[in-house]
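Look for chain A in each of the two complexes below; its partner is chain B in the first and chain C in the second.
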Partner chain A sequence: MKGKVIKVDVLCRVEGEGALLIKISDDGKVDAKFRIYEPPRFFEAFLRGRSYAEVPDITARICGICPVAYQMSSVHAIEKAFGVKVDGQLRELRRLLYCGEWIESHVLHAFFLHLPDFLGLDDAFAVARDHRQVVEEVLRVKKTGNDIVRILGGREIHPINVKVGGFYRAPSKADLRPLVDQLKWARDSAVKAVPLLAGLPYPDFESDYEFVALRHPDEYPFSEGRLVSNKGLDISIDEYEQHFAEEHVAHSTALHGVHIGKGMYFVGPLARFNLNADLLTKTAREAAKTAGLKPGCCNPFKSILARQVETVYACEEAIRIIEQYEPPERSYVDVTPRESMGCGCTEAPRGILYHRYRFDSAGLVTDAKITPPTAQNQPTIEDDLRRYVTPRIDMPLDELTWQCEQAIRNYDPCISCSTHFLKVRIERTH
Partner chain B sequence: MPYRPDSVLVIGLGNPFRGDDAAGLLVADGIAEAFPDIRVIRHTSDGIGLLDVWAEYGTVIVVDAVVSGSPPGTVHVLDGLETLERDWFATSTHAVNLAEAVELGRAVGRLPSRLIVIGIEGNEFGLGESVSAVVGKAVSDAIARLVEITGR
Partner chain C sequence: MAHPVKPKLAVWKFASCDGCQLSILDCENELMAVAGAVEIANFAEATKAVVKGPYDISLVEGSITTEHDAERIHKIRRVSKYLITIGACATAGGIQALRNFVDVKDYVRAVYASPQYIETLTKSTPIRDHVFVDFQLRGCPISKYQLLEVISALLNNRKPVTPPHSVCMQCKAAGTVCVMVAQGQPCLGPVTQAGCDALCPSYCRGCYGCFGPKETPNTAALTEAWKALGATDSELVRAYRGFNAYAEAFRRESEAHER
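Showing the complex of A and B:
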């Protein structure tokens, strides 16, 4: 199939808008462009002049699937800037909120967006018809994640209860306790689904990626730690911009992430797992074992397994937090704005999400930088596509197109975060 | 919550920041204001969440923006239990749109016994918090149609 073009004008089953353009020259050379053509988000610009207190709510609007991640990265950056430390039960509650988001985001992606690809099915309803029990359980697991965010965050989407310094209102024990049974059920269900996922057909596709994630001495990372990689990176979050940059590329309205002096890198559940597996709970580690997933896994298709292992972990971590929870005396720590700069980097479901803000003495934003995980993964996605297609150029076009889409979905790209917009049409040219 | 066959639920679907995609939400707001006793939900997240909500009600009326090729402002009234055209609802930026949620509900046995879909033909879905003028008028029409359907 030399001299061919694989063109998917709009990808389906990704959040947001993106397109795929792969050109195969007559002599078999492959060029891949993962195009994002949504109008660029101007959040970084229109945050200027806003009060620090508004930032978590505004940035949460960037994404309907991972608003908690935006709120967490922003509050950590702001608190860093103003010299505020949020600890104890408030810190635990923030981890609990993140557990809720990971659960609902991961199961949505694994079962409704990605699993159809592995089963050769068009969509989630085809999956539901063939595996009704599995889908019914997944809906319940997802709802558990949503319930955590709703009860603790005050609303399922764009939680309203998060503020700089903590929460507007801390939940009571009675608010949270009913979640425990549901979470235990969800954990068991997630564990039960592992063999199904482990038995899927995985292409033999590996690369020597640089995986980048947070690393904390005591816990599987959500919001704190150092930034590490499997290739020797070990820096504080404050040093992020000395090591990572964003570049404009002509075909995309999202910026492309680059590890300065090194090149592309890989963030997300597989990166986190590879760098932090020892900090998972016992049940989650066993789930990984059942899945055949080992640290050092460099097959991006197996991200679906890493997501499921993290779902198990998030259920258990949520149970732990709720069972030890005692309402704090105050639901937030006092905050005094000052002229300053602060960075935050937290593990969104899709990978590290970096925020940096500069403030004037009144706490108004003078400058903002937001680097979402999908923008950081973009060069890796394109490189994967190029390498995936190169030995497969003689495959029928339809089949190869679908597999390319599946390869993009390995990264659970959240295109709304990195740009925005959605239409679905597939065109093929020869 | 126990199933009450005579109960009515109105769900407004949409994205408040995407122009005409807010149409369903505006209808929901209008109904909520005029009829405080009707249960009304504004649903801005993905369609999967509908499955948790609608099975408890006898009659569910969902209102959403659609793109079907009809003139903008057209108000479609559809039987939601028939197969809906997925392309009509492709304006959603979320993983599962209304048509897909219905199919999923059908596959797992989670559909209300009566489901009516009011689709408001939209035109401008760019970033912004206001609907186009023609859709604004259609919102009023849709509210009137909905009131007829509920027999108020």
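Showing the complex of A and C:
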């Protein structure tokens, strides 16, 4: 057998800049590297000395695709540190904001970034040539998610209305009401698209993953609950750092997330679905059934189905919140800074996002730690690549390269997010 | 009249959060029209297809923070007829320009276990410091309406209209009551360029400067007004050291309060 190299210098249809390098040696050994070459931006460093009140605005800028996730993980961590509980309608509004982000992010990934792979097309514009109506509908669903974030958060990217303790301004009933019809339409459209996605060709590829996600007793998780896995993990968010660490891996010097004593793990929509499917709404459960998606699914290519099921759920949850909404008396609860430490973990569209901060008595950050979902998935992504390539070494190189890219996109990797951890060295092979 | 050849649009990324280029995909109502008016020739976030340059319009997101990127931007300039920078990173160095005020080695040590592996420049700088820029679009993030305005202006051979006046003008136009005068909330609106439709004051909070300094900003006068509301020097430093910290007017004002 002759050795070969699969190399993609600029991975497309991912958020941020990454590259792929797979080396197959003459004896068939496969070495896979999902490289991140996006420059580091040092968020944890420059957060030191900033006021707690600035943290949600600053951490949003880690990622333009999931700013709400950064805002939610940071406000929960800060409120934990200062001993404040945000409840009632303010808590509902936060869930509503997260629904908006899930919808826009999931739809963007499923239809714009991932679907073209399954159809062998370059992009969603090419999809639109044959399926113009599908793409137009999908854009309208995406817009519905963005409209929630815009109306409640102020704007789609880097919303300005999230505040430690609640919101700067609570919306009126009239602000939110027009969203209901739009959301009902979006839910129906998302349900209608399920058979299309279910009919895509899925590679026969599974693994015995450890799925990790939040689990709340009463609701599909956004920002609260316990961290659980299909392999017996059941811990509070406070215990995260006793169970998960970042390892400095020699080959890429990237910090990779590991479950201490167990190894790699899998976060994101498929993990959430596998661990929380019983908490979905009836329509979302039916959508999963139509999709042929059952809890315990171990095929990462089917993440696109889990994303679609969650889009249906997020539409329905948003409708529920808006229909029961009564404006709170105050748009936030008061917080008093104190010397403290607090952590928060919420379900970003791509999986759990952990934040931990220490504050001095004036509420200035003395230490920050942020673990984004893509850093946690990176070892699993590389392992998938190794296992995917090994039995397919003899495929034409072009085809195999494309399928490897698709395998990475299963995880909707958000490289902008991970960058503040990941080391950046390009191995030049020519 | 039929366009014989569609202009080629390319999108390039440097150190950034991806949010400004995402604004293109967030133009849900206009996206298919834009895709019909231009040939999307290089846009890694959205498409696998890459059309060879030269490009009629290059949109550049992000700041320069590595040697490699400092070289790459020159290559992009050479293949671009119009080079437009989009967002606070590309026009002012972004939030990552906070390193410019400290020894970047301290930052590297704070974040990475093995600092020797990190290759980074000591400063995060805007694109304009490296190559000629035809037009700058401000904001963290940019306004998608301003982006559409720039693209359609270029397609029609006219100058884009993006007002250089302050956020205050947009508050007045919208009828938003001044949060600084009426509620005593510190606000950067008087020195910040418009473009966001005076968003923060309409949500009952002071502006925090996403669009960077307006033309001829009087930061010293605003500082006096902030001090009258009880702001300390360290609060002023932090206020000006946000997403446009390295923009000249904001940088100078923050440094004035540092000692």
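To be clear about the criterion, the second predicted complex is superposed on the first by the 412 of 430 C-alpha atoms of A that agree within 3 Å, B and C clash if a C-alpha of one lies under 4 Å from a C-alpha of the other, contacts with A are read in each partner's own complex, and residues count from 1 in each chain.
In this section, contacts are C-beta pairs under 8 Å (C-beta built on N, C-alpha and C of every residue); 3 or more make two chains touch, one makes a residue touch a chain.
Bear in mind that the values here come from a model prediction, so they are computed numbers and not experimental data.
**Q** For the three-chain model obtained by superposing on chain A, do chain B and chain C clash or fit?
**A** The answer is clash.
**Q** With both complexes superposed on chain A, which partner does A:Ile160 reach: first (chain B), second (chain C), both or neither?
**A** It touches chain C, and chain B stays clear.
**Q** Once the structures are superposed on A, label A:Asp181 by its partner contacts, choosing first (chain B), second (chain C), both or neither.
**A** So A:Asp181 meets neither chain B nor chain C here.
**Q** Looking at A:Arg61 after the superposition, I want to know if it touches chain B, chain C, both of them or none. Which is it: first, second, both, neither?
**A** both
**Q** Could you look at A:Phe125 and tell me whether it touches chain B, chain C, both or neither (first, second, both, neither)?
**A** Both: A:Phe125 reaches chain B and chain C.
**Q** Check whether A:Glu206 is in contact with chain B, with chain C, with both or with neither, and answer first, second, both or neither.
**A** Neither partner.
**Q** Check the residue A:Ser51 against both partner chains and state whether it touches chain B (first), chain C (second), both, or neither.
**A** second
**Q** Please indicate which partner A:Leu139 is in contact with in the superposed arrangement: first for chain B, second for chain C, both, or neither.
**A** After superposition on chain A, A:Leu139 lies in contact with both partners, chain B and chain C.
**Q** Which partner chains sit in contact with A:Phe112 here, chain B, chain C, both or neither? Use first/second/both/neither.
**A** In the superposition, A:Phe112 touches chain B and chain C alike.
**Q** Taking the superposition on A as described, I'd like to know which of chain B and chain C A:Tyr168 touches: first, second, both or neither.
**A** The second partner, chain C, only.
**Q** In the overlay, one of 79-87, 169-177 or 223-231 from chain C clashes with chain B and the rest don't. Which one?
**A** 79-87
**Q** Chain A residues touched by both chain B and chain C?
**A** Shared contact residues on chain A (touching chain B in one complex, chain C in the other): 13, 15-17, 39, 61, 64-65, 108, 112-113, 123-125, 128, 135-136, 139, 142-143, 146, 156-157, 416, 420-421, 423-424.
**Q** In the complex of these two chains, what residues of chain B are touching chain A?
**A** Counting only chain B, the residues touching chain A are 15, 17, 44-46, 48-49, 51-52, 90-96, 100, 103-104, 106-108, 110, 126-127.
**Q** Could you please specify the touching residues of chain C with respect to chain A in the complex?
**A** The contact residues of chain C facing chain A are 13-23, 25-26, 28-29, 31-32, 35, 40, 44-49, 65-66, 68-69, 94-96, 98-99, 104, 106-108, 110-114, 117-120, 140-141, 196, 199-200, 202-205, 208, 210, 235, 238, 242-243.
**Q** Would you tell me which residues of chain A are touching chain B in their complex?
**A** 13, 15-17, 39, 61, 64-65, 108, 112-113, 123-125, 128-129, 132, 135-136, 139, 142-143, 146, 156-157, 416, 420-424
**Q** Which residues, counting only chain A, touch chain C once they are in their complex?
**A** Result: residues 10-17, 38-46, 48, 50-51, 54, 57-58, 61-65, 67, 104, 108, 112-113, 116, 122-126, 128, 135-136, 139-140, 142-143, 146, 154-158, 160-161, 163, 168-169, 248, 253, 255, 331, 416, 420-421, 423-426 of chain A touch chain C.
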